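What follows is a set of structures for review.
Shared between the two complexes below is chain A, which has chain B as its partner in the first and chain C in the second.
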Partner chain A sequence: MRRSERFVPYRLLAPALALELVLVLGPLLVGLWYSLHNVRFFRVRGFTGLENYTRLLESEEVLNALWVTAVFAFFALFLTFILGFALAMWLERDGRFNTAMRAVVLVPYMIAMLVGSMLLKWVFSQEGGLAPMALGPVGLGEVSILGDPKLAMAALVYNAMWRDGAFAMIMLLAGLKAIPPSLHLAARVDGAGAWMRFRRITLPLMRIPILITLIRLLVHFVNILTFPLILTGGGPSGATEVVVLKVFRLGFGDHLLGQANALALMVFLANLLLVGVLLALFRRAGRI
Partner chain B sequence: MTARITRRGALGTALALSAPAIGSAQSPTTITMWTFLDPNRPGGRETALKQIIASFEQANPNLRVRVEPQVWTTMAERFVLAANARNAPDIVWVNDQNLALLAESDAAADLKPMVDAWPQSRRDDQVLPAAFRAATMNGKLQAVPLMATSSVLMVRRDLLAAAGKTMEDLRTWDGVVEVAKAMTKDTNGDGQPDVWGIGLGLATERFSFTPAILAAVGLQGGLFGDGCRARLATPDVARAIQWQADLILKHRVTPREAVATTSDDAIDQFAAGRYGMQVIANSRFEQIQRTAAGWNKDALTMAPTPGWTADRPGPQILGGWFGVAWRGSPRVREAVRFIDHMSSADSMALWNLPGQQVPMLKSIAARPEMQEQRYAHLRQMAEFFARSGYSMPSTCAWSRTLADFNLATQQVVLGQRTVMEALRIAERATQDRQ
Partner chain C sequence: MHGLILRRRIGRGLVNLLIAGFALFPILWGLSSSLKPTERIVEFPPRLLPDEPTLEHYARIFQDDAAFYILNSGLVSAATVVLTLILGALGGYALARYDFRGRSLTMMATVAVMSIPIASLLVPTFTLISVLGLYDTRLGLVLLYTAYQLPAAIWMLYGYFMSLPVELENAARVDGCSPTRTLRKVVLPLSKPGLVAAALFILVFAWNDFVVAVTMTSSQEVRTFPVAIYFYLGFYGREWGPLLAASLVSIVPIIAVFVFLQRYFMSGLTGGGVKG
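And then the complex of A and B:
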């Protein structure tokens, strides 16, 4: 290889790397710098070292937000993935009904997140919503879904399933379609039942689509803002105040931009850690 | 030859010098303004703004005003961020809750020279000179008041009469509870009230004044001590929070879902006829009348802030919207000129009618049309201001204290904390923002 050719890949990569530096690394460094300063009302007041971080870790509200995020992300990820996988399996075969159903399932995903959450807010609202109309006849008319901490969390998880189940379905459907039908046919000839074929053919061949779907959903749920901001407003009493909503409020409600950036960086590191753990788990299981 | 060259040179120089003037004559300077009003939408204030812009552009043919409507809850923060990025609009509207943010950001141009240039008669004509004082921070006039607002108890007179009560019964907070009890009705017999006595928006997102804050200020005289020291964990504030929580827990005159209801949602419910009373900014009066559904809009009236005793009315907390010019704007002179125009007597007349805002000038308040019955609510409001007007300290960061009150009420209603525990958390949160 000639010397000039050796640098071709780097030259080709350079524009993308430069963009990454400007759009990702730049804001990260600025965020890190802010997180080490006392920034109030959007003005830097002085260097504070790690004080923002220690204050956050001592804050009951922040610890609550971290717990709420963990609970939400766990249930939303588990249920959305199950729903998406079930839909993908159900609607795998091409046909008029399945094609129409895929379109129907995709509707919530096509609606803007904000609009979808507003729609669900109206559905769950006790004051003129649809849920009380359904609950009334069974004697639960007094139940306020959005006014109860546990039910509000359930509503938030439902919001995630309702919208992102379709996304999971698309991702997993693509994986299912890539499995050669001949493998299933051969297994059937050998007498393998549906469960056996699912375990021995479908699951092993779906490992990459499953991993991509899980990582994408996990990152999405850990960083969710629109659902709680619109549907529950983080309430009642902080029951659905996820960590990104806390970042938003620290920055733009309390005007404590130093603390907001510190928390944002902690969330970023948590994201990296979670994705790393997920990858390690898959590696350990020999799936990638 | 030389003369021809000289003549051509002179002509060229003249053309070159006149080019900017020709250019400016052809393309007027555009002033950008952020406000929550959209002049292209229906509504009294929107119509007033449209007329004010039209009259300004007519008087200043080289200037155009472009309104970029914004969500009011985040407008001030977005302005400060945009100013830091040197990309802010020339003018922004800021409410009283964000005056401290504005002063701290140093993003506003000093409007004192503009006001100093006013004739003495215009200065003397102001109904609320206190609003100018509130906007004067760090030695400069950060903003000029455009609309005065205050939270009042909006009441449906039809429900009040049906409950056998009168406006006199609303002079105290205990009276409000009794009226609310009489107003709460299950009209369709399904065991659930269809009309609740009093509506509350207790969410910590898109929040506004609630009865507890007014009641607390009435009892304690304020929420801050010297140096903006938060004073929330006190027996007086605890009494106010408990009173508010009891509307849901004990008296059952407010739906439990109030803990998850935003201020805007609660106002929508009020307009939809679900509540008999609610604490709402007076500036929403026209909007509620316009959107009243299932009830006669003329039944809407306002009561002053109740007190704890009948002989002492509660505080009428003064607030409102202010016009601010961005200090870093390349069109700051033009921006100041438009703010001057928006606060002129002609414009103030438009804010008053058709804008349905409380007169900000004495001369406007004295107009014959203001004596008509249909504008009684505006006269009423001016009376409330005069009787018991109270300003929150503009140098203290208190805008999110309203959310702290709501969170405390939520915690009490849900049985998660005692009132005093909840207030200690609220006090610490408010203190951290100072």
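And then the complex of A and C:
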């Protein structure tokens, strides 16, 4: 490299860096500033220290939101991952048909989350008639899925599986492809059955891809907003009001920008932790 | 023996049918409902297929300026794609061809920003965007979308540039081309598949985005199509016909792009690096 070119890479990266600093780091700093003040409608009234934070952690609604998020993230993660893994194994072999099937499964992932949740809302809604018709024979025709706290949560988890199962599939498929077929062949010759090969070859060699998939799904689910906003509206009575939806309502509904920013920053810290784990995994996988 | 193979085939076929049904049923049901006349949409028990299909709901949303919102979405998406590709190519090229202090830190930051979900940043971003005077502008949306998709674009293009042989570039440099000229005249023409993949990825994101657009804009002039659909929800209240019609219209370009260019998406989904 010529001496005069020492600064070339920095010059090439400068515009990107500037944009990220202003629009990704900038909000965090402004948000931090607001979170330490008493704010109403952009009027920063006075420094209050951590009062916004303590008030949030004492609020029933916020604690409920954290609990709801944990429940949703747990079930969504578990079921979406299992579904994704099953799909990846089922459609592993390359071929015209399987490639087409993968595309079909990916459709819910490709369309807008808003639209997906809207379509599911229609499927689950009482007026659509589909849910009452399906539940009628078991005597639950009068049960409103989105009106019942537990069923609404189940619907939300279903939304997660429906959309993100394909994402898990693609991530895991990449890991499956990296396993040399000769290993399975050799184990077969030695008389290992399908279950044995899955436990002794697939699972151990898939450790890093599995962990990366799990963390990426978890980050996504912890920060879920569109599903509950559209599908359940957070209801009934807060049963599906996840934490980012709470941030959304505090900020854009109640205009409490101090508290909203404080809660957003707490969520961001949790994200940072998860992303840290993800980075460590990427390092282990040799991708950074 | 033949019976066994046949039974297996039928079994596999059934499972595949079940999977396809799971994935596509909500969309098909929405399509079917959107083609029914208003009074038939909520009839009980529901008919699986419309007995007298009508396009009245589609006509209705286009009377209500759907075309304008679609155009708006298209404009914002296109501008985002162009800007992100330019900045992404510059950044990706720096990472792929230069060894410099801070390189691995840049890579880590790229992956980190790529992984942080936008939803948690909405309120702080809204705060900043308002302070900057970019609230309720198309420019604000384009800049935000670019900021969110740029790390992924850098990452994808970095991966693609790494796969290209460096000799051609060296030859161009010996002939006196500057680094940016080499990038423009030699590297980019060779990188069409990588650029297409990144462009599609950005396009789908920008076209589909709802949460950023709904929080960073308010007036009708800058409204994008997903936000318009969301407002139909309130505007039409319990009228599902126009709502479902609008939802399906928004899906059409995605499906079209996806069907024809599917293979480009996979590398983007896995975050580059690993082949899918």
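Methods note: the second predicted complex is superposed on the first by the 247 of 288 C-alpha atoms of A that agree within 3 Å, B and C clash if a C-alpha of one lies under 4 Å from a C-alpha of the other, contacts with A are read in each partner's own complex, and residues count from 1 in each chain.
Heads up, the rule we're going with is that a residue touches a chain if its C-beta (ideal position, glycine included) is under 8 Å from a C-beta of that chain, and two chains touch if they have at least 3 such contacts.
Just so it is clear, the structure is predicted and the values come from calculations on it, not from any experiment.
After overlaying the two complexes on the shared chain, residue contacts for A:Ile210 are found with neither chain B nor chain C. Note on chain A: of its two partners chain C and chain B, the one contacting more of its residues is C. Applying the stated contact rule after C-alpha superposition, one finds that A:Tyr34 touches chain C and leaves chain B untouched.
Judged by the touch definition given at the top, the superposed model places A:Leu119 against chain C, while chain B stays out of reach.
By the document's definition of touching, of the two partners only chain B reaches A:Ser144; chain C does not. Shared-chain residue A:Gly235: touches chain B; no touch with chain C.
Once the two complexes are overlaid on the shared chain, A:Asn271 sits against chain C while remaining clear of chain B. In the superposition on chain A, contact of A:Leu56 is made with neither chain B nor chain C.
Contacts of A:Leu156 after superposition: neither chain B nor chain C is touched. Legend: residue contacts after superposition of the two complexes on their common chain; A:Ala65 is shown touching neither chain B nor chain C.
When both complexes are aligned on chain A by C-alpha atoms, chain A residues 42, 127-128, 252 touch chain B in the first and chain C in the second. Across the complex, chain C meets chain A through its residues 15-16, 19-20, 22-27, 29-30, 33, 42-46, 87-88, 90-91, 93-95, 98, 100, 103-104, 106-109, 111-113, 115-117, 119-128, 130-131, 143-144, 146-148, 150-151, 154, 179-180, 204, 207-211, 215, 226, 229-230, 233, 238, 240, 243-244, 247, 250-251, 254-255, 258-259, 262, 265-266, 269-270, 273-276.
Those residues of chain A that touch chain C in the shared complex are 1, 5-6, 8-10, 12-13, 15-16, 19-20, 22-24, 26-28, 30-31, 34, 42, 87, 90, 99, 101, 103-108, 110-116, 118-120, 122-123, 127-130, 132-133, 162, 166-167, 170-171, 173-175, 177-178, 209, 216, 219-220, 223-226, 230, 244, 247-248, 250-252, 257, 260-261, 264-265, 267-268, 271-272, 274-275, 278-279, 282, 287-288.
Residues of chain B that touch chain A in their complex: 74, 77, 80-81, 84, 100-101, 104-106, 190-192, 203-206, 255-262, 269, 272, 274, 397, 400, 403, 407, 410-411, 414, 416, 425, 429, 432-433. Interface residues of chain A, counted against chain B in their complex, comprise 40-43, 60, 125-128, 136, 141-142, 144, 146-147, 149, 152, 229, 232-238, 252-256.
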